[in-house]
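Listed next: structures, encoded as structure tokens.
Shared chain: chain A. Partners: chain B in the first complex, chain C in the second.
And now, the complex of A and B:
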């Protein structure tokens, strides 16, 4: 092992780690004061770099451009809190996360339509090439980044120890209710935290971009890495995000340089899962620092209409089947196709409604089970010549086995820790899909998968595929409903409200979570199998983070506790981009790139705000009360302050 | 309340009505372009679309296709397979296009092919991977200089320069994987040893760890194949930062100014780009068989985009139009009949396009464009062929 290379690898790991540390710190600020994860944090970092690049291209001097970029990001982030998050007082955590997903999409759409998709360079703060010290080279800009990180670390310490606002933040993050009793306004803290996180994000974007570049799509990846680092170090500790980010950067560099760049992602996320299991409070989290157990889902109760499987459900299902049947017969071709993709997605979303909506377990790994189903079907039908239905069933069984095995590990975790662990599993699964050439065909995957068939009947036409998918969707819905409307469904809701209370009432918490996880894995897997047969190709790219976010969006838009909503949400996420593109492409003479992202982002934010705005909620409740005449449980939910 | 709902409904219906009215227009030759306007392939799609503008003008001012003016309807696939299929169906069924092209990415292109085959409409595959057009598919035609043409060009050049110990760095997408496979096969044939195959995720923003490892192996050259145009230049910049003086070879998609911006002057100076002949149009001798179409295209391009120089990606979506035009010369207005159009395309012979010579037969829907591919360098102002 060459010592120069060793030091070189450490240096680049350190510099990259400084970036992750910065991003992680912004996550931590927001999370400590509001309990929220701001998914758009990475995009704010990207925006900071982009703004600096654009301004310097317009010959604005750097010393003006950099602070201005950071301030603009602060204004966007703070404004977003003020106008979108603060009024959504009825929103659950997951809904609020989806609002920030909306912001992320909105930022990317706006950047695309204003400045395009080209990469841009930001000039380094000091001129001159890399500094070479005995064969190890370091960029002056990397020193700037590391130096700034040191300054920010000191400033943060001072802020949290010496200022009223900082102390208030710490008090609120320790006990929000208690803090509000002594006169701390949590909403002011939220506004401050979002603005400060926006500022930090924009600043680090401007300082780091000269090392790499600014481009619209790099934000999401930065966000994931920064958040991972913060989780490693301890999201709710003062130095955790800094230490975790730097460690992640160094670990990443050594993995890529000395172990295998092919398995880098898998190793990083395996480390994360291990760390979460061993020290969920993070490396720097003390024994009594805030951990998962003290942070229940903030909404204590949500109104659920029926709790037993009754006449209403039968009528609903009958109407639903009739509508689904009719749709296939009357819709023009392209919309049937939209409905097929929506149905396939709904298979994953139905399971997610039970897992996330009912049981409150925010899983980001659902796409992995779709992938297992898709690959099992592809492998068994293409390589082994099995009948599709058998391959589909084997895929589902495999998914259940995997879910039961992994569930045992990850359901020791709760809240965002569980989310990160499940995301980690997805990343590991994707790595294996890309690298196990013999089984998966590598990144190119399988091509030429035949149409779905049953007992020798080829079901290849769009209409046939539609009815096949619809049948599977209805079966899953029935299963889902019978779970949701039973003792199990009520137990799941109990778990969501309070795990300890549920356990005290005799609910087998772990066992139930496992069963629901297995159910959601099975339905997602069937969806994946159908996807492979419909598209005729399977490769890793449709099963990444984008897919997971899309499914989560569908759950949110559909209303979390509604299985029919799962269908509506899936249809919206699949068909809306098409509808927007179709209308905007025809109306505007020149297709404006990014306009579909802007509209989609705004709609997403709007939908969740409408769902969770108390005034609008009361209005809706009145409407449905008047409409059905049924007794509506409009119990106001209380958000733990 | 009711009033505003009615107004909204009226507005929506009038928009949809306008859309429907547009879709019924049949006095033009409509080309549907399933384009990756957003997502991973978006940065390069922008160059395809800029070139396409010039291509449309070029074709329309020389008689259109079968005497009909050409119009292009775009649909954003978001670099996503499912949306690409939905776009394909929409363009066929609602916009009633006469011909398709897309998607800019091998996997989504392969994904839309069953739909195209079932509908029976000619598709020009804008994708570098061979599986996008071969083996023969009744309705699918090759449209761009692909890996088949690019990789031999690179490997031959390496051989000529005496580089027989070469490192490969590429992304972990289907593009990177397919390229790596072709490069390894071609290198093995020509006796070039690939000493490293390092990968990264296209959204990664630091590749120095992999490059440090490559530096330790001391190869004579580095092949840097990236689907993302930001990261391609970044790798070159980081090579300079690590003091790596080796020449690096990049794919045709990187032959853009954005690469040079990211790579910096030193990184660019040691980079060799695979390029189409359009890239060095200024140096193209008048007796070059492609001189005619390339100079005409360049003229239109300059008219529409005075601040840009056409690059290898500009003609990507244009040759399909030129092929359709050639087919239209034989059958006139019958280009509106998909079957007739496909048959006519299958008989296009030795057509000088922008990327090379096109010859199709009913048995072979692809031509080798190796003659149209070359290696160029960039000095910050002009692209010039490398010797």
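And now, the complex of A and C:
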């Protein structure tokens, strides 16, 4: 490698680094003032680029389009804080993650249904080709981006040192209670931070869009990379997000240029997980910073929950099996395949209910285990000629091994960090699925997988597949229930309310989380195997972020603590696209996908808001008191771990 | 000056204050006594507005302040030295002091604030030496000075002190109490919540005894020191009779 190439790589890395620095700064602003990680941050940046693209296509001059795009993003972000987050005072960490994921999906859905998924071009701010300086060429637009970063860096320094609002933000992030004693209103800071983060995100999206394209899909990756940069440099430091973002951009350019352009994303997400583990306070962070959020996970539900197997459970299971059996016999053909997909999704959702609902650990990476199961089944049955059931079991075992290995790493983290790390893991898995041709067949996937069979019986007809899936679902449900209704279930609820208290009572916190994570990995993996056999093809696309979002919505709709709700939620989320098609009479898949996302997003935000708004909560308590007698309160306080 | 009537405050399902009445007159030192968990800190948090009340009324200088945000209460003349000091550890002493005046500041830090800072440095010369040091690196006594100085930056007329001596060495306790006496000479009225009943009673004109969210006794310090109800609140009934 010659020196000119090195400089050239560094320069292009610097421009992308400026982008990540901006996104990271937005994360940092929000996190420092409210303690939240806004999972919609990357989508706000995407929206800024999209709005600029659409406006310039409508011949709006750039000097109007760019600020306007940033202001719209600021209004959306600030409005989201004011109307959705601020009233949700009873929300737990997991619920707050879900509510910001809801905004992320809502933005993606709106953009998809209005403008589609095609990339859009934005003209550069200044005309002319690349500027060459001693063999190194740089685009004028890259200079714009780097220049803007310099301006923002100076403005940030001034803001945090010389303005009262800046001091108040730092004070509140260091000691929120102390801040409220001197009259700082943390909600005002939250509104400001969300609006400013939206503005910065939208602005950089607008400035960056001429370099790449404006496209709906870039939001998530951008979000994770910006967050990674901020974590590298120090999320809660003044310059950490800027330094970390620039370093990440340069790191990315060099890995793509000199190590592997296929696995660069996987390397970046691996870097995120490493950073979270080894130096959570960041390169510039002092020793005091912490990644442990102190917000207690409150009890989501106020109704009394059975904690032992009772007669009602046996009756419920008997009815459930009867209903599932009957459905298979009477369901019209088109609906059988919906029921199969719902059952497959339910396999993942059942694990998620235990992991998120009971143990309070919000993983966004469950689809990775479906992927492991699907590819293991595909590879072992097609290439090695194994019987499907054996391949399925090996896939599940492999998932458990991976889950245990990863669990050791990610369960040292809590709250937002865990969700972000698991999302990073999913991205790594997706990269491998796309790039590791020898095993996975690359983006086009693995074709020619035979139908599922057991002891030589071919179970390929839709009805047979339905009963196979239903059987696995019932087995998982029984497993899940026996965990939920045992002392493990009670211990999990204890972990969710207070990890330290649970530990003090002798609960093996990490061990239990690992076991539940392994269980959820195994069920998801079996679901993935069945998926592969049913479709006879496995490729990476169904296991991406869409699957995660669908599962998350299913858990939220079904109720975090309800295993039966997992089935209902899965059915709803699987059937929703078709319902939208019927209702709207549209067959345009992009439109349906967009509306689908909008509904998912609204569901996530709406459900969490009603669960965590104190006024609504009291109202529901009154309703339930009327229904089941006023003893609920007393019982709950006795049973609450 | 301060008038609290039938104040109820709760944290979730825990009913922490169950109808507290309290009066503070201009120029008085009032002590709030009571064991751990009696509701002393809750009362102070409700008066400054960090905790919302459930019912009842709070009036300051004849004005109802129940629904007023904390910043506005501070502008009206309330100040706090909170329990555990609640400084901003990763900010400098100077920045901590500036934030004491937060309630009356605009967007930029005005040059006129130097005067108020000089006054605080006049009272605590040690803080001038530590001006640019991080508050988190100070000793307990120095941190307490910052807490007092930060409260003074808002120019309070009624200072709410929550356990100012907690966690300090006995020698420093005396120093803190002496500082509070000095504040009184400067025309600041003081409401002092303290577990250390004897020390607080020695300073205070009048005192209230709180027990599990209710005022169980009140009156001039001298007579309250001999009141059985004070000892009952700390030690439980029956113990006082044997003393």
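Some points to look at:
One rule holds in what follows: the second predicted complex is superposed on the first by the 542 of 641 C-alpha atoms of A that agree within 3 Å, B and C clash if a C-alpha of one lies under 4 Å from a C-alpha of the other, contacts with A are read in each partner's own complex, and residues count from 1 in each chain.
Going forward, a contact is a pair of C-beta atoms (placed from the backbone, for glycine too) under 8 Å apart; a residue touches a chain by one contact, two chains touch by 3 or more.
Remember, it's a predicted structure, so these values are computed and weren't measured experimentally.
Contacts of A:132 after superposition on the shared chain: chain B is touched, whereas chain C is not. Look at A:350: by the touch rule set out above, it reaches neither chain B nor chain C.
By the touch criterion stated above, A:230 is placed in contact with neither chain B nor chain C. Of the two partner chains placed by the overlay, only chain C lies in contact with A:165; chain B stays clear of it. Once chain A of one complex is fitted onto chain A of the other, the partner contacts of A:252 are limited to chain B, with no touch recorded for chain C. In the superposed model, A:578 makes contact with chain B only, not with chain C.
Chain A has more of its residues touched by B than by the other of chain B and chain C. If you check the complex, the residues on chain A that touch chain B are 2, 5, 8-9, 12-13, 15-16, 19, 108-109, 112, 116-121, 130, 132, 135, 137, 139, 211-213, 215-218, 220-222, 252-258, 261-262, 264-265, 332-334, 337-338, 341, 434, 442-445, 447, 531, 535-537, 539, 541-542, 546, 574, 577-578, 581-583, 585-587, 591, 593-594, 596-597. Per the touch definition, chain A reaches chain C in the complex via residues 162-165, 167-168, 170-171, 174-175, 177-185, 286, 288, 633, 637.
Touching chain A in their complex are the following residues of chain C: 13, 48, 50, 69-74, 80, 82, 85-91, 95, 98-100, 102-103, 105-109, 136, 150, 154. Residues 15-16, 18-19, 22, 37-40, 42-43, 45-46, 73-76, 78, 80-83, 85-87, 89-90, 92-94, 106-107, 110-111, 113-114, 129, 131, 172-174, 176-178, 198-201, 203-206, 208-210, 212-213, 215-216, 229-230, 233-234, 240-243, 258, 261-262 of chain B are the ones touching chain A in the complex.
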